[in-house]
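One chain, chain A, links the two complexes that follow: it is found with chain B in the first and with chain C in the second.
== the complex of A and B ==
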């Protein structure tokens, strides 16, 4: 136990000083993107992991967060809302859309809910694509405002301290890290609260939940809203660093990617979700491009990044076969899945016995 | 005005009349049973009371307040709790969490308090935790606090469901076949438990098939057949009522 604690501290310390150890900006840049996806995964985990509402269109809220920043903090409309205000603002806008898109799905469960959210996931980027006069359509919005550090607080003579350069991802790294820490704190607080228990209860038995006085409408909408607010934060950081948003960043594959992160890491478990999310980002943003470079260096004309979806698929199938509860599962999920699998096994056996021995 | 009153309650599903012109009242602090053959509409009456179904006509009043247009969670908050014929616990939550979830309507932590774990929220959690432990003790399940509800033996699950219902601080507790599947010993324990619940000030309305249980504890019995009340009164009177015997056993002249 003690050793485990020390290695956790060592890992945290490493994460804190990493940009000082590794001065390669592309590495830091990659880590910021990975961090944005950790935020997304933490948010989706509230909806899918805690409340059990299968959302296949989560990228829509990422898009809404990103476009909020792009429209309100750029030359697009000449509005230059400060980055720090936008964090709060975009989270609120995304939460509002979480409620708006969640409301029509309240009566739906399981497959039906998944299909409707899938539809929303398609509608939102299409809308941004087609509202050309506001969003520049397929070209997206560029030259977004860069955050300025609150200079006076840091001892500078002026409020606007330009720490956030175009070619230095380090300040974004620390912003993302702080947001993740906040996200973990809020998500674990939620999990151990009246609201967290209500989500779990709805996931287990909605009818029984109503009978202990849970207003399922409010409870589900709060899951959609809070989950979406995380992706609002992710959208702001991600697009501010990238300095650009365009509709093709928010395709269906992004929703599936984030969901795969939950499946890989362990749905419902905050640490599992972080690990799963980091691993997939690592494969996606680092391992595949690097192996492609390596292949090119030795004269092989191979582009491994083209095999990305093949790899996601393989990971999902592998996980479902060998460790369906994820790498670091929540206790509850593991128990649920073990029982479900055992029941399926018994059913299969009964079926086999009923049909008699296999014919050869 | 009685404590709890059904007046001219009627529920139809298409052409099927599930409950027809049912009226009766329950006095505060009493134990009342509803019996009747399978399909008589007993569970439908419970579902009407807790707002799962809307009555086609008629009214349901608790302490003079109509429950007819309210949502299930609001009805629970007003003081009506229930258990289910086929147990509906939160299977993969611990026994303690099941009961704590039952405190939901009595707790007030809002979204911000839940996010930040404010001192008020923490104090409320502690109180809910204590109350849940108390209730588990009350139904003799304290040693199983941290077991998943699903892993408890059947009889314990029934008692846990009662504890969860009691956690909502009900005035009226609806028990849907609480003795189903229990052995004689467990039934005796259940009867004692129901008596203790009544002593704590909760009015009890139960559906039960086990006549020994019904005759043992209820002060009044209402008999339902084909959605209609065919008899009502103290158990010893109802037991000898001809229409009741006929509903259960068929007619003596062999026509049934």
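== the complex of A and C ==
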């Protein structure tokens, strides 16, 4: 136990000073992207992991967060809302849309809910694409404002420190890290709150939950809203660093990528989700391109990045078949997922007993 | 008015393709209550298989005379067989083990299978659209100002014939009866001596074979295909299945034609319609699921507890 705690501290310390140790900007840049996806995974975990509502269009909220920043903090409309305000603002806008798009799904059962969210996931980016006069259509919105240090917020532009350079991802790294810490704190507190228990009750048996007096409408909508707000944050950081927002960043495969992260790490478990998310980002953004380079270097004409969809698919199928609770399972979730199989076993046993001993 | 009738014809032939795909969704959902997300990709696979067979036969353009019948039959039946087998394999690999698991588990593996199939097709024929030979010569029929192509007639007729055949199969054969029984109550059916695994495999075989037929027809119709086709077409066909009433064969047909018409008319009559087509179709999907999840011909089923 002691050793475990020390290694946790060591890992935390490493995460904190990593940009000082590794001065390779592309590595830091990769970590910021991975961090944005951890935020997305934490948010989707509230909806899918805690409340058990399978959202297949989560990228829509990522798009809403990103486009909020792009439209309100760039030359697009001449509005230059500061980054720090936008973090809060985009999270609120995304949460609002979480409620708006969640409301129609309230009465639906699991699989239809999944398809309706998928429908929204297709409609939202397509709408951004089509509203060319506001969003520049397929070209997207570029030259977004870079965040300035909080001096500007205090009303003194002269104090503005140029921390957020175009070619330095380190400040974004710390912003993302802070947001993840905030997210973990929020999610773990929610999980153990009255609301969190209500989510789990709904996930396990909605009918029973309603009968013990849980307001399922409010409970489900709050899951959608809180889950979406995380992707609002992720959208702001991600697009501010990328300095560009375009509609093809939010395809269905993004929603499924985040879902794969959850399935891999363990739905419902915050640490599992973080590990799953990081692992998949690492494979995706680092391992596949690097092994492709390696293959090319030794003269093999192989492009491993072409196998991305295969990877997501294999994770979804393989994990659901052989380890549905994920790599780092939440204890409760595992019990639920295993219970169906156990039920089948019990039924078989009962039947055997019913048939009784062989007659003579 | 001509434009209206022209879009009517276009919509019906589009709808014929959706209807053929929707039949597979509706059969599988009817029997194991699973949205077989990979079904749209089995349909694309049908186009890919057809293309491979046509290339094997040395067909690269229009075929005339008696040879046309043979080429069409051989290609379509070949694609149907290959797709049918693929469907059965998918069920065996990814769904059977999860038959008693929570509902969402097989839906997640279905999405996984869809991604695997898409990736496989991308590796097979590359990430860009591929040309498909015309095969069917195209004398068009002119009725007033409306132009009806031979292949449009083929699509519509084929869809109706297949649906009629399926309806006969389900209501007149022993296997069809077994399917209906399994759909109603799997355990009771099993106790009556029905082999559940074979029946479900058969459902996947037929549904996927129909998707294979749709794949062939769509190849001929659009003369091009793409590994990612199945995602959109699959969603639209699923919309069609739900619109008609999921689990209902005639409903899938009706839904398919309706979605085809919605798409054709939206493209024509909404300003910049082509851009908004998908938004319209997906909005229909959302509205139907939310307000009439039992569809037009389906009965409202209570959720099985």
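Heads up, the rule we're going with is that the second predicted complex is superposed on the first by the 331 of 360 C-alpha atoms of A that agree within 3 Å, B and C clash if a C-alpha of one lies under 4 Å from a C-alpha of the other, contacts with A are read in each partner's own complex, and residues count from 1 in each chain.
Following the convention adopted for this analysis, contacts are C-beta pairs under 8 Å (C-beta built on N, C-alpha and C of every residue); 3 or more make two chains touch, one makes a residue touch a chain.
From a predicted model like this one, the values you see are computed outputs, not experimental measurements.
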Q: Considering only touches as defined above, state whether A:126 meets chain B (first), chain C (second), both or neither.
A: second
**Q.** Residue contacts with chain A in the superposition, chain B compared against chain C
**A.** C
Q. Can A:250 be said to touch chain B (first), chain C (second), both, or neither?
A. neither
Q: Kindly classify A:30 by the partners it touches after superposition: chain B alone (first), chain C alone (second), both, or neither?
A: neither
Q. What is the contact status of A:307 with respect to chain B (first) and chain C (second): first, second, both, or neither?
A. second
(Q) Output check: A:186 vs chain B and chain C. Expected answer is one of first, second, both, neither. What do you get? (A) first
Q. Now for A:207: first (chain B), second (chain C), both, or neither, which partner does it touch?
A. both
Q: Report for A:320: first if it touches chain B alone, second if chain C alone, otherwise both or neither.
A: second
Q) Considering each complex separately, which residues of chain A are in contact with chain B in the first and with chain C in the second? A) 207, 336
(Q) Can you tell me which positions in chain B touch chain A when the two form their complex? (A) 50, 52, 71-73, 76-77, 81-82, 84, 88-93, 97, 100-102, 104-107, 109, 111, 113-117, 121, 124-125, 128, 148, 150, 164-165, 167-168
Q. What residues of chain A sit close enough to touch chain B in their complex?
A. 186, 189-190, 192-198, 200-201, 204-205, 207-216, 222, 226, 332, 335-336, 339
Q.
Going by the contact rule set out above, which residues of chain C touch chain A in the complex?
A. 33-35, 93-94, 97-98, 100-109, 111-120, 122-123, 231, 235, 238, 242, 272, 275-276, 278-279, 282-283, 285-286, 289-290, 293, 303, 305
(Q) For the complex, give me every residue of chain A touching chain C. (A) 52, 54, 56, 104-105, 107-112, 114-116, 118-120, 122-123, 126-127, 129-130, 207, 252-253, 256, 259, 263, 306-310, 312-318, 320-321, 324, 336-337, 340-341, 343-344
